[in-house]
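Below, each structure is written out as structure tokens.
Both complexes below contain chain A, partnered by chain B and then by chain C.
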Partner chain A sequence: MVRQKSRYLLCELNVSDRSRLLLLDDRAVREAVRATVARIHGDYGAALCSLRFSVKYLNAHTGIVFLRCPKNCYRLIWSALPFITSVENQGQKVPCFLNCLHVGGTIRTCQKFLIRYNTQQLHRMLPQCKSEEEKLQVRKAILNCSLIKRNEGGFEDEAESGEDDEE
Partner chain B sequence: MSVFMDLNLRPTAERSTLQSLLDTAAHLGYSAVAINYVFEPTSKKKQEIPKPTPTSELFDKLPTVQGRSRPIRVLNRLTIVASDASHFRPSAPEFRSFDLLAIHPTSEKLFHAACMTFDVDIICVTVTEKLPFFFKRAPVSGAVERGLVFELCYVPAIRDSTTRRYTIANAVCLLESCKGRNVILSSGAEKPLELRGPYDIANLGLLFGLSEGDAKEAVSSTCRSAVLHGVHTLQVSADTRAPASCCQKPGRPPAAPSTPRDCAQAPPTRPAQTPPTSRKSPIPGQRLQTNLQPREPDPPPQ
Partner chain C sequence: MRAVGGEQEPAAFERTVLRNASPYHYLKVYLQLESATTRLCAVELKQLIVSGLSSLFGEVGAALPFDLLKYDEEALTGILRVHSRGLVKLWSSLTLLGSYQNEACAFRVLQVSPFLLALSGNSRDLQLD
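Coming up: the complex of A and B.
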């Protein structure tokens, strides 16, 4: 028994208007998930959430969240995610829902999936581009999406900047 | 890659909500949705069955499904909430214009009749209140043999805590009698924020007591078999009604003149998809073949 294994849930926060997404931070999301798991699964769920559960990464522009859970109870925490109806931050409630895209054993596999997913999103946005220069920007962002060793932190920014241009 | 469907979207009066609902469903990965018109006949006054607005009128442009290149497919569905068998006329001509027929029985007698004899595709299970009757093995297995599916909605569970308890209790009760087969999970959503992704719903199925393979099937291949069942019933009844002179091309079903089907949609006989992941169940098309029952004769044409 060498190391404690975890599962990383890659989720997407969907809101009705994107401007309110910028208000959220990882602490708000963590509190929301913790409260929902306690509501659905009671004290047992609340206890499980206190173990190794954390929000590893949150991107307010695209709404991507990485949640880390212990391997033996990730299904329980995952089953409570559909019941989240809003996330509260500093007194402001943002109605939203979490959509789980991928479950991975490491952050790296989730990142690989995220690149493929973002590339798909950009491909979806390409037909909706209004002007030529937007099209060029989107195409450049698609070509730039790759997992290079030195640029691991940077690839997500490139993918996001491509999506931000579409807003 | 399996095809996910959500067969219960409630339309409101506003068209923009429906459009955003459809956009969200396409973004989440649903390849087909069904717009559900609910009809509740009361014995006091005669009510008209709502006519479905053809899809070409409702939406200008159907959004593309996430991860695929096709636009989302929109079907029409009618749900009849009834407690008495006399409210349901099996071969009413208004039913022809819907792709799927569902019935929501509120009494044991109607549930038994619906499972064994009625010409429907989906049987809805109450989730908002205590079950008025218990599920017996005989009608449930009869329905499974005929190819009907049982539907569970999850949106009431998200809204309120008491309905959550009823949903889980009723779902567990249903699954005890039907062993996890022929169950679909659908939303019943009216607003786009009430929809959930297909993998999340499959996980909810685990809460209700389905096994992992059954839960994933409940969102994908069982839905598809329900749609094929509905389309097949429409074809068969159209065959018996329309005379042979209407049918020009061999191998293509004759369209009855009263069905306003959108020609831009995918044809009913879809190309063979990858078989479902569970070992137990056969390919949905095969299940359909064994369920061909002689339909009740339609009234003679005028």
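Coming up: the complex of A and C.
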């Protein structure tokens, strides 16, 4: 059997209140997406998209989510994303919305895009720094980022702490 | 073979291939209910079909545009029109529609055609004297 192809949707989870973002975990996001796909596309859509659907990566600090879906129905899931209004975790509803930044065939291409996107965001936000001290702080924080030798996701930490320290 | 004097244009030959003969498909359906006395008006029938579409295909399916062109309330027979792209969705939701107001029901699809004129005659109902 030849390779089963999937599509990875790189989405950004926007919440109005950043502190509540930390409550979310991948199970909550998965349930929210599944319920929305069932509401928008019915029994047919729910069954078709649940085959290889999973949340591969969720960063609670930056709100980046990787969703994995089968190649033949990624458009159904993509079209259901704008209808997600809130994610529920342990009885607490967090109002949020998901917008899709990138669709890739593998996790590696999505992560390459994420690094480029984060550097672009950094270049956009840096001129908005109010004082010289802030700029120095940001520069030091970025220079302090180092690749931690781990199995996977070494550069995730770099991207994450770079984004984090701009706030 | 005759001698050709001067330029002669080859006979023009144009072939038109249509993947889809008509933009709409027409279905003749009959609603069979458990009790023989229940009657539905046209609006109720359309509401029933929309509810079937929404349970199988969700909000997007319920928004599928289709029309009830003719409806015979006594015979519970009607003609539906749908775009050709939506035929599969409509037909499959008619198939899987099982109940109307806690009463078992079934949609029998009698004829399907891309042309409305074809629904006027039916060789099954033909009576030979």
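We take it that the second predicted complex is superposed on the first by the 144 of 167 C-alpha atoms of A that agree within 3 Å, B and C clash if a C-alpha of one lies under 4 Å from a C-alpha of the other, contacts with A are read in each partner's own complex, and residues count from 1 in each chain.
In this section, contacts are C-beta pairs under 8 Å (C-beta built on N, C-alpha and C of every residue); 3 or more make two chains touch, one makes a residue touch a chain.
The structure displayed is predicted, hence computed values, not measured ones.
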item	value
Touching partner for A:Pro82 - first (chain B), second (chain C), both, neither	first
First, second, both or neither for A:Asn99, with chain B first and chain C second	first
Between chain B and chain C, more extensive residue contact with chain A	B
Contacts of A:Arg124 with chain B and chain C, given as first, second, both or neither	first
Chain B versus chain C as contact partner of A:Gly45, first or second or both or neither	second
Residues of chain A that lie at the interface with chain B and also at the interface with chain C	39, 79
Residue ranges of chain B in contact with chain A within the complex	20, 24, 27-28, 64, 66-67, 154, 157-158, 161, 164, 192-197, 199-201, 203-204, 206-207
Residues of chain A defined as touching chain B within the complex	14, 16, 39, 75, 78-79, 81-83, 85, 95-101, 120, 124
Sites on chain C touched by chain A in the complex	54-61
Interfacial residue positions of chain A with respect to chain C in the complex	38-45, 79
